[in-house]
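Several structures are given next for inspection.
Look for chain A in each of the two complexes below; its partner is chain B in the first and chain C in the second.
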Partner chain A sequence: MYRIAKTDIPSLLAAIAAKGDLYLPVNTAGKTNFDAWSEDANVDLDTLKTVRSGKDIFFPQSENLYSCNRTDGKLSVTAAELEDKDFVVFGMKACDVRGLAVLDQVFLSDPVDSYYAARREHGTIVSLACSKPDTSCFCHAFGIDCANPEGDVATWFAGEYLYWLPKTEKGEALTAAVSSLLESTDEKAVEEAKASIRAIQEKLPLKDLSLDGWGAEAAKTKFDSPLWEQLYKPCLACGTCTFVCPTCQCYDIKDYNTGSGVQRLRCWDSCMYSDFTMMAHGNNRTSQMQRFRQRFMHKLAYFPANNGGMFSCVGCGRCVDKCPTHLNIVKVIKAFEKEGK
Partner chain B sequence: MQELIHRAKSLLESGEVVRVLGWRKGENDWDVEPAFFATTEDLEANFIYNGFCGANLSKYMIEASKLDGKTLVFLKPCDSYSFNQLIKEHRINREKAYIIGVGCKGKLKIENIDAEGILSVDGAGYPDCSETLTVHTLYGDKEIAYKDAMLERCHVCKGKEHKIYDELLGDSIDTCDADRFAEIAKIEAMSPEEKFAFFQAELSKCIRCNACRNVCPACSCRKCVFDSTKFDSAQKANTTSFEEKMFHIIRAFHVAGRCTDCGECSRVCPQGIPLHLFNRKFIKDINSLYGEYQAGADIDAAAPLTSFRADDAEPGVGRG
Partner chain C sequence: MMHECTCNPGYMRDTLIPQVGIITDIREETPDVKTFRVNAPGGGKLFEHMPGQCAMVCLPGVSEAMFSITSSPTNKEYQEFSIKRCGQLTDQLHTLQVGDEILVRGPYGNHFPVETALKGQNLLFIAGGIGLAPLRSVINYVLDNRENYGTVDILYGSRSADDLVQRKEIEEVWSKAPGVNVHLTIDREQEGWDGHVGFVPSYLKELNFDTNKVALLCGPPIMIKFCLQGLKELGFSNEQVYTTLELRMKCGVGKCGRCNIGTKYVCKDGPVFRFDEIDELPNEY
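Let's look at the complex of A and B:
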């Protein structure tokens, strides 16, 4: 266990950034999102939840896959370069880190997604324990401990210090690179911080949220429930829930006309959108009820059915906070629980 | 609130309406949902009207207009402007609606309450809201002025008057305490570089979730050009810094002259982008070029951008 005075964090960040790209929560125009570090960036390690999750760094909202160019009647195809430089993501919370484990199931399974795999290989994650979990948090329902986050290095704020614990080889390497700024210490302060976080966890309103009845079996038992027809009604069909989600991984491939060629992009898609998975024959989900049902069934039934029981929700609560009409996965879970279905 | 439930129940029981469009209780005081109620039991158990019922229900009447029978809809004074505008655009059927103009004392945004771990909020009830909200949180109690948690649009309240209704229930307060165009004037006074930096910082937060568009009562096209796969305009993400601005600017142009300034776009933006500023700039310009005009104030007045007068301003020529 190491520690560094809070007042020295800017030096720590500068030292990390000197070795490679550093992404961390930055406040721009009043909202905090993961962004690249710079000397004048308004770094914000206090806000509990960034609007967008740390997912963005490994699976950006849009990325170039390749481009085609026509010059003098000749066509050339240039593939986008894969990430080949080491970088650090600082300040991801326990839920977001677990979110990457969900994405790994999708993108690192055969066929491996080379773009994502390259970023995972070169990225080192410094996680940060949640000093003040919020009312909308329910990560514990998925076995996540926000007092003890996973990651290559885990950190905690306690008193006037940031505590630092390398957990993997990558974490050890990063620790070695900034060791001159860290001092060795014992575990006492961190144990106290964990105890204090766990005391708050006990008071969270969603602490008893139960996933009983969900999982692979739910695909059969819940698909035809009349509840969906009732639950989806206020849905605006916007993509807020999917775009702030640390585990939503559906994407579309778009060709962008550059005038002299084509840029092929991969961009996030949302199952809430009317043209989601649109094919030549049309769309296989023609109503908003079906699209709404798809999102929750994917997270709580289909994904666990195909991934050894792993849910593709990590309980970060961003959708709970951000849905314009206050629909969310918690309300869906509770509605089914109430109906006993 | 009981008065509203009582009246809705009797309209439902009498057969005058076949459904009620209102707000449904959430898990907390603040996570209320726009909702349809078909039974008196559902109304009794789940209907709510409090300070967090900011959602403008007018746009849901587009779908309700296609259903059999009348829908009872609750409209706040500012929502009634959107309703009128939708009638004007032939998007909703007046005959399919029974409108209760419901009183409003200013609506709140939970994000405007500067407190962590909010468990409950006292003082946001209706009709008995208080000047001070007591916020109970995981980390202790806190008091905050009702006004400080209000939606931006309530600070430029259009007034207590409902512009269309069948009956009125409850009292309203005019919560206006700011100049509607002050922010616009401030931006107009910026240098081009400052303006660019301001909008770049705001719009670079955009995640293209389309919540602003989908909630907007003026955005009622059956198929939005930004969703169409037939053109190059289809966008699911901002691929360049130009695109992140283009979507919002085009949308602002498209709703110009029709936007009632209901403020739903800014209310729902997950990134807190003050989208209403675009619309308000157009409103300010329309006012100065064509004379004072408030979209949705009535269903008869000629709209400045869709009617022609011989003495119309020619802003493009004027700037020559």
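Let's look at the complex of A and C:
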């Protein structure tokens, strides 16, 4: 265990950024999101939840897969360069770190998505324990401990210090690179910080949220429930929930005409949109109820069935905070719990 | 140029990156179906595939979509796609000329179990309209490995005689092949047609096939529904019937989320399913 005085954090960030790109929560125009570090960036390590999860560092909202040019009728394809430089993501919370593990199941399974894999390979994650988990948080329902986050390095704020614990080889390498700024210490302050975080968790409204009845078996039992017809009604199909979600990975592939050629872009998409499944032949999900059901069945039943029980939700609560009609995964879970179905 | 990541040479060529293909032949099958022959620019095939597999065909600047490969893998020279004009991309594809280049990536998905469950079996192919495209790959595979399979019945129907695709091959090759019975039908009476008239499902019942067969079924959803019903009335079980599903796809490798139904991704777990497998899926296809 190491520590560094809070007042020295700017030096620590500058030292990390000197070795390669550094992404961390930055407040811009009143909103905090992961962004590249610069000397005059308004770094914000106090906001509990960035508006977006930080998944876009590894799976950008849009990225070029390849460029295509036509010369004298002949086509040529040039694949986009893969990430080949090491970078650091600082200040990811436990839920978002687990969110990457969910995305790994998708993008690193055969056939590996090379764009995502290269970023994962070159990225080092410095996680940050949640000093004050909030009323919309329910990460513990998925076995995530926000007091003890995963990551290559885990950090905690306690007293006047930031505590630093390398957890992987990558984490050890980063620690070695900034060791002149860190001092060795014992675990006592961090143990106290963990206890205080857990005391807050005990008082949170969603602390008893239970996923009993969900998982692989729900794929068969919950699809035909009449509850979906009631639950979906306020849904505006705006897709906000999917865009702020750390685990949503549905994407579109689109052509962008550059004037001199075509770029093939991969962009985030949303299963909540009516054209998501529409093709010339027809549409297999024509109603918003069907699309709404698909999103939650996928996260809580289909995904676990295919991934050893792992849910495609990490309880970050962003959809709880951001849905304009106060519709969210917690409401779905509770409605089914109430019906005992 | 493909980029090779120094830390993992396995990343060399992402499955989302297409190859350039050149159109070497175009056959006008019907007023709205053309069959495109595709080769690698230097000649030969772009890739090897199995019957029932699909590939993404892309026109840069327009879009790309998944099409079944209609040629058999026993054809060593080229791949073919039979494409019906019915949307943005297919409209543009129909304007292409021999010599034009397109982008192709694949093959994707599973295939009909020609080397396992279908081997040694009597086969009944049931197709409607452009639904013949995926089955043609199997039919020609079976005919090229004739000794491995029993009797072959091909029941094929379309709206009119002009809408029957691969008509030349049906009449000149399939109808003359040993142990093969071809049963054609069109929806309505038409001058110059002395064959059967009526929908595929009702002809299926008329033909009263015995159940000592495996059925492979492809066509519009309504035809599939009534043919399955007809097969059941004849005594076929779900385990004896295969079909292909068709949903919107973008990636082809089970990651973009579009073709997910239940725990399956049609692009990678399908497109070929046995009906008992389909029965396990939520009714969203």
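Quick notes on this structure:
Just so it is clear, the second predicted complex is superposed on the first by the 332 of 341 C-alpha atoms of A that agree within 3 Å, B and C clash if a C-alpha of one lies under 4 Å from a C-alpha of the other, contacts with A are read in each partner's own complex, and residues count from 1 in each chain.
The working rule: a residue touches a chain if its C-beta (ideal position, glycine included) is under 8 Å from a C-beta of that chain, and two chains touch if they have at least 3 such contacts.
Since the structure is predicted, the reported quantities are computational estimates derived from the model, not experimental observations.
With chain A as the common reference for superposition, the partners chain B and chain C occupy compatible, non-clashing space.
Once the two complexes are laid over each other on the shared chain, residue contacts for A:Asp269 go to chain B and to chain C alike. Taking Cα centres throughout, chain A sits at the apex of an angle toward chain B and chain C that amounts to 90 degrees, reported as a multiple of 10.
Of the two partner chains, chain C is the only one that A:Gln249 touches; chain B does not reach it. In the superposition on chain A, A:Arg98 makes contact with neither chain B nor chain C.
When the two structures are aligned on the shared chain, A:Glu121 is found in touch with chain C, with no touch to chain B.
Contacts of A:Met278 after superposition on the shared chain: both chain B and chain C are touched.
Using the contact criterion defined above for the overlaid structures, shared-chain residue A:Ala219 touches chain C, although it does not reach chain B. In the superposition on chain A, contact of A:Lys74 is made with chain C only, not with chain B.
Once the two complexes are overlaid on the shared chain, A:Gln61 sits against chain B while remaining clear of chain C.
By the touch criterion defined above, A:Thr325 lies against chain B but remains apart from chain C after alignment on the C-alpha atoms of chain A.
This overlay, made by fitting chain A, leaves chain B and chain C with a least C-alpha separation of 7 Å.
Shared interface residues of chain A, touching chain B in one complex and chain C in the other, are 252, 254, 257, 269, 278.
Against chain B, the residues of chain A that register as touching in their complex are 28-31, 33, 48, 51-52, 61-62, 132-135, 200, 203-205, 233-234, 236-240, 242-244, 252, 254, 256-257, 263, 265, 267-270, 273-275, 278, 320, 322, 324-327, 330-331, 334.
Taken together, the chain B residues at the contact with chain A in this complex read 24, 26-28, 30-36, 55, 60, 116-119, 138-139, 201-202, 204-205, 207-211, 213-215, 227, 229, 232, 234, 236-239, 267-268, 270-273. Across the complex, chain A meets chain C through its residues 65-66, 68, 70, 73-82, 84, 106-107, 109, 111-115, 117-118, 121-122, 216, 219, 223, 249-255, 257, 261-262, 264, 266, 269, 271, 276-282, 284-285, 290, 294, 297-298, 302, 305-306.
Those residues of chain C that touch chain A in the complex are listed here as 1-3, 5-8, 10-20, 41, 60-65, 86-88, 90, 99-103, 221, 246-248, 250-251, 253-263, 282, 284-285.
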